[in-house]
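There are two complexes below, and they share subunit A, which is joined by subunit B in the first and by subunit C in the second.
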Partner chain A sequence: MGRILIVDDTMFMRTLLKNILFSGGHDIVGEAADGVEALARYQELKPDLVTMDIVMPKVNGIEALKAIKAADPSAKIIMCTAVGQEQMVKLAVKSGAKGYIVKPFQAPKVLEEVKNVLSA
Partner chain B sequence: MKSVPAKVEHEGRWVPTKVGIGEDRFRIDAPLKEEIPYKTVVNLEEKKNQIIVTAGADGTATYRIASVEKVLSVLKKFIITQASAYRLNAFFMSPAVRGGVLIHDARWEKGTIAVMKTGIWFVSQEKQVCIPLEDVAGIELTSREIQEKDLNVVKIDHLSENDVVTSFVLCPMTTLQVLYNFLKEATHDTEVSEEIDPLTGQVAMLVYSGMDSSSIENMLKLSHRDLDAIYEKLLDMRLAEVLYVRKEVQLTAKGVRYISESVKSQNE
Partner chain C sequence: MFDEEAYRKLFVEESRENHENIVNNLLALENGDDQQTAIDEIFRSAHTLKGMSASMGFDAMEHLCHSMEDVFSLIRSGRREVTASLTDLLLTCTDAIEEMLDAIEAGGVPSDEQSGSLVHELRAFAEEGEPVDQKASCDADPEPAGEGDGHPVYTLTVAVDPSSTMKDVRAMLLLQNLEEIGTILSTVPSRELLEDGKFDGPFEILIESEAGEDALRTIASGTEISLLDLSFAQSVPAVIPVMTGDAQPPGQIPEPQVQRAVKAEKNREIKNIRVDIQRLDRMMNLVEDLVINRGRLEQIAKRHGIKEFDEALNMIGRSVSDLQNLMMGIRMMPLERIFNRLPRVVRDVANHDGKEVEFFIEGGETELDRGMMDGLTDPLLHIIRNAVNHGIETPEVRAASGKPPKGSLRLTARRDKDNVIIEIEDDGAGIDPEILRKKAVSKGLMTPEAAANATKDELVGLLFEPGFSTAETVTDISGRGVGLDVVKKTIESLKGTIKVETESGRGTKFELVLPPTMAIIDVMMVHINGMRCAIPISNVVEVAQTRMEAIHRIGNTEAILLRDQTLPLHRLEEMFGRAEMSETLVVLQNNDRRCCIAVDTVDGQQEVVVKPLSRIAGNCRGISGITIPGDGDVVPVLDVNTMV
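Presenting the complex of A and B:
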């Protein structure tokens, strides 16, 4: 089980992910609504894993991913975005993302992906 | 023609027999004693360890055949590649996404796609995938980056073993357009034309994600009755179906007596 930081600009998605991850026995140590907040919360909380939305205001998920990886190369980050933005996968993977989930998602699959990334 | 043991449905029961698999036809021995050229097959369906083959010009002859996976796999391959169906050579990736999670080792496979009456079949050297048309949840003609080029693909969202799965088909644009149009038409019944208010949409999203009623009530701060009303809307629009009905109960006098007595005995 892991300590997870959820980054998404919509409260609905954060709450949904929080419920799914909590049901899988994970601790939600924090939330952030944009890339700037994500980096600050990461440095403060040092979570085991981050779920990161891609399209966000101020600093987007890809930039936030790069910033977190620059600060901590061992950071485990799963990117999370909407259908139709799968093209971002390559960019995210190149930038160091460990996993990728596409909205809308189903709880058991998200938990499986989180488990895989945490145990990698 | 190579003969293999199988069972066929005959007069409402399963009967052991032999099935001969040839290059251009297959044969079912007694009691059916039928020879079916693959080109007369108009539909192929698959259920666990059995296939349902519909053949004949009027499509009225139906054969249910059960056998081991290896035998069915050979028979299916012959049928799919020769049946009377819209067929195209294409690359496909299935599944590419399962439940919103990208399949890490998904890759493009070269093969044949056959569009039959009740489903689409993908066949390659290694795989046979069937997507029943009734399980198709979405069709989109979109582009995808393949070997650093943006290429047109048909994206098919479908249900598979209770998961929502995405598959992709890649072939020349003219063929792709024909496939897309066919699938659009064949799945016309599941298109959503009604306006859906944001709250109902959020509930639908939570149901999709696997949340149960009490989690949805807590997340959206809804009462049981409010949620029931939204469920009714989803049911009316045929966007959802009833899985089971949850009961709310209160204790009868007998129940109250049981509780009172059990508490009393704990205190003694």
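Presenting the complex of A and C:
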């Protein structure tokens, strides 16, 4: 099971995701509410995996992804996305995202994706 | 899938923040402020709201936010413009969202009824005259790949789960992951079509890799991906058209962003947490109990005079004081919380009345106890609506009287010694004292003679009398059957005062003076007929001695003459029982009106915690709360408002 950093600008989504991941036996090592915080927490915590929201204040998820990948090319990042954001997710994938989960989150799908990305 | 009740509170709270952000940025857009930032902010908040409401299963709200997000996505890319009618539509949407949030907070589920037609309108706006650059952006051009360099080549037949929400992204992830362990020589259908999601059913990938079958199997059986077939392909075709995509090598990341991110982190030191207000109230109660019990301990210590005990008690005393101050500070909230709602109100009323108003807010950072915030909202709304509705004139009228066509409305807040002062000032028509004079007579509030002799201040003071409204007609905006008398009562219930200054033709200014907190006040402790009671020091003018002869009967009441002033005298017999008349009087004041009460003794001045009467005791006229001073006695606090 992995050590996971959750990045989302709302506490609501973070809590939701935290509970799903926790139920899958993962260890939530930290949370960040924007892209700036995401990079800082990543460097501080070195998690196995990051779940990254795309639309966030200050630095958005794509930019944060790029920054984290620049700092650590082996970083495993899963994008949190919603229907209609295909283009953004593609951009993220091209920038090195390893997977994506779609809101509203379905626990089995989230856990499956996390497991697959962690084991890859 | 999860217990939604557990999330409801958090959902409502964060949704309200996003809702407010949308409203304020819509207004900023309308004012011509930084357009791009405002559009981005609205888009972001609409998107966030959509995601959160979808997670809670509030479909109606999700659909509405989704439509708003779509519209702003078009605006962001420059394919639509923000028009006045769109702003109106969007503000109506935010109203609908607010109603939904209210419903959700109350434990319900919002229905499509409210939002269905709005979604249609938004869609119509998004769809009309869709420009042609809708073609999915495909930024990779096919280019010939290098020839296979002798590694084994495999053919993979893969299917994406039909229930996948973004099968194009799935396909793209798969191809990208495969590329990490090999070279994709070709795909059927083409990679371009796969990445655009233009495929049904399984597809084939020809890949050259030396990672081995197992590695390929692992990658090709990821989330929502199933590997149907994997076979070793014999020959390497000479030249195969392949799409390489334009994935950035991981090393080449724009440097400035990283630096920006690191730099911003250094400035981010404040960490906030959210605390349930009820918990804060409970904590406040406990701190108050501590304060009370400290007082009791001090009295006990005084009786015994143990040095060590006194020292320890001293230390505790200091900690309790610090704790109390800290607690008071935590309960403080910036007035912005309620001010932020007002620009919208000003806009709506101004639009409705065909007026132009520039609204300034200053001092939103001024803090007030959160317990008073709720009570302040309605009075402020009322005064602001009034100012636009009745105060500020239409542009034509203003131009005719030599004023700029755009009226100005200024809301300022500031801390002044022990009080918070809030002023609402407009440069509108003001109130004509002559009209007040006539109205005072016609409403029977003054005799014609009294009215003729009344000073301007007295006339203006009539505005706060029940049923006295200067507007000729009651409008659906200001006149909701609530007058300034209610505003005044509300402010007084917050232990505040309200004053109005008006200059005919020049404008009107309301001044609210409020204590920053209601929980701890200075009181004068007195004995009335052998019983202790507390009087808020803010209501006490002086303590005077009088002689029985100075007391006169006027009709049913008694009055005394004190330094050329006749003051009604209350003995509070119905509260404390009949007693021998004492000669000590406390003169009380509330809003320029005075009276005095007879007391046995004045015991001194003290800072106390006022607790509201419990629901069991109910409202008790004349008593605003109780306090428990050091000795553990329960002492009523007089409500001077009801006496003067």
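The rule is simple: the second predicted complex is superposed on the first by the 120 of 120 C-alpha atoms of A that agree within 3 Å, B and C clash if a C-alpha of one lies under 4 Å from a C-alpha of the other, contacts with A are read in each partner's own complex, and residues count from 1 in each chain.
We take it that contacts are C-beta pairs under 8 Å (C-beta built on N, C-alpha and C of every residue); 3 or more make two chains touch, one makes a residue touch a chain.
All of these numbers come straight from a predicted model, not from anything done at the bench.
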Check: Between subunit B and subunit C, positioned on subunit A by superposition, is the outcome a clash or a fit?
Finding: clash
Margin query: Output check: A:Pro57 vs subunit B and subunit C. Expected answer is one of first, second, both, neither. What do you get?
Written below: second
Next item on the list: For A:Met11, decide between first (touching subunit B), second (touching subunit C), both and neither.
Entry: second
Note to self: Residues of subunit A touched by subunit B versus by subunit C: which partner has the larger set?
What the structure shows: C
Notebook entry, point to check: In the superposed arrangement, does A:Lys69 touch subunit B (first), subunit C (second), both or neither?
Noted result: second
Next item on the list: Please work out whether A:Val36 is in contact with subunit B alone, subunit C alone, both, or neither, and reply first, second, both or neither.
Entry: second
Notebook entry, point to check: Where along subunit B is the clash with subunit C: 20-28, 128-136 or 146-154?
Noted result: 146-154
Checklist line | Footprint overlap on subunit A, comparing subunit B with subunit C | finding: 12, 15-16, 19-20, 84, 86-87, 89-90, 99-100, 102-107, 109, 112-113
Item checked: subunit A-touching residues of subunit C, taken from the complex the two chains share -> 1-2, 7, 10-11, 14, 18, 41, 43-44, 47-48, 50-52, 54-55, 57, 66, 69-70, 136-137, 165-166, 168-169, 172-173, 176-177, 195, 197, 218-219, 222-223, 245-248, 250-251, 253-255, 257-258, 260-262, 264-265, 268, 274
Notebook entry, point to check: Across the complex, what residues on subunit B touch subunit A?
Noted result: 97-102, 142, 144-145, 163-164, 166, 202, 205-206, 208-211, 215, 219
Checklist line | Residue ranges of subunit A in contact with subunit B within the complex | finding: 12, 15-16, 19-20, 84, 86-87, 89-90, 99-110, 112-113
Notebook entry, point to check: Can you list the subunit A residues touching subunit C in their complex?
Noted result: 9-13, 15-16, 19-20, 35-37, 39-40, 55-59, 63-64, 66-67, 69-71, 73, 81-84, 86-87, 89-90, 93-100, 102-107, 109, 112-113, 116, 119-120
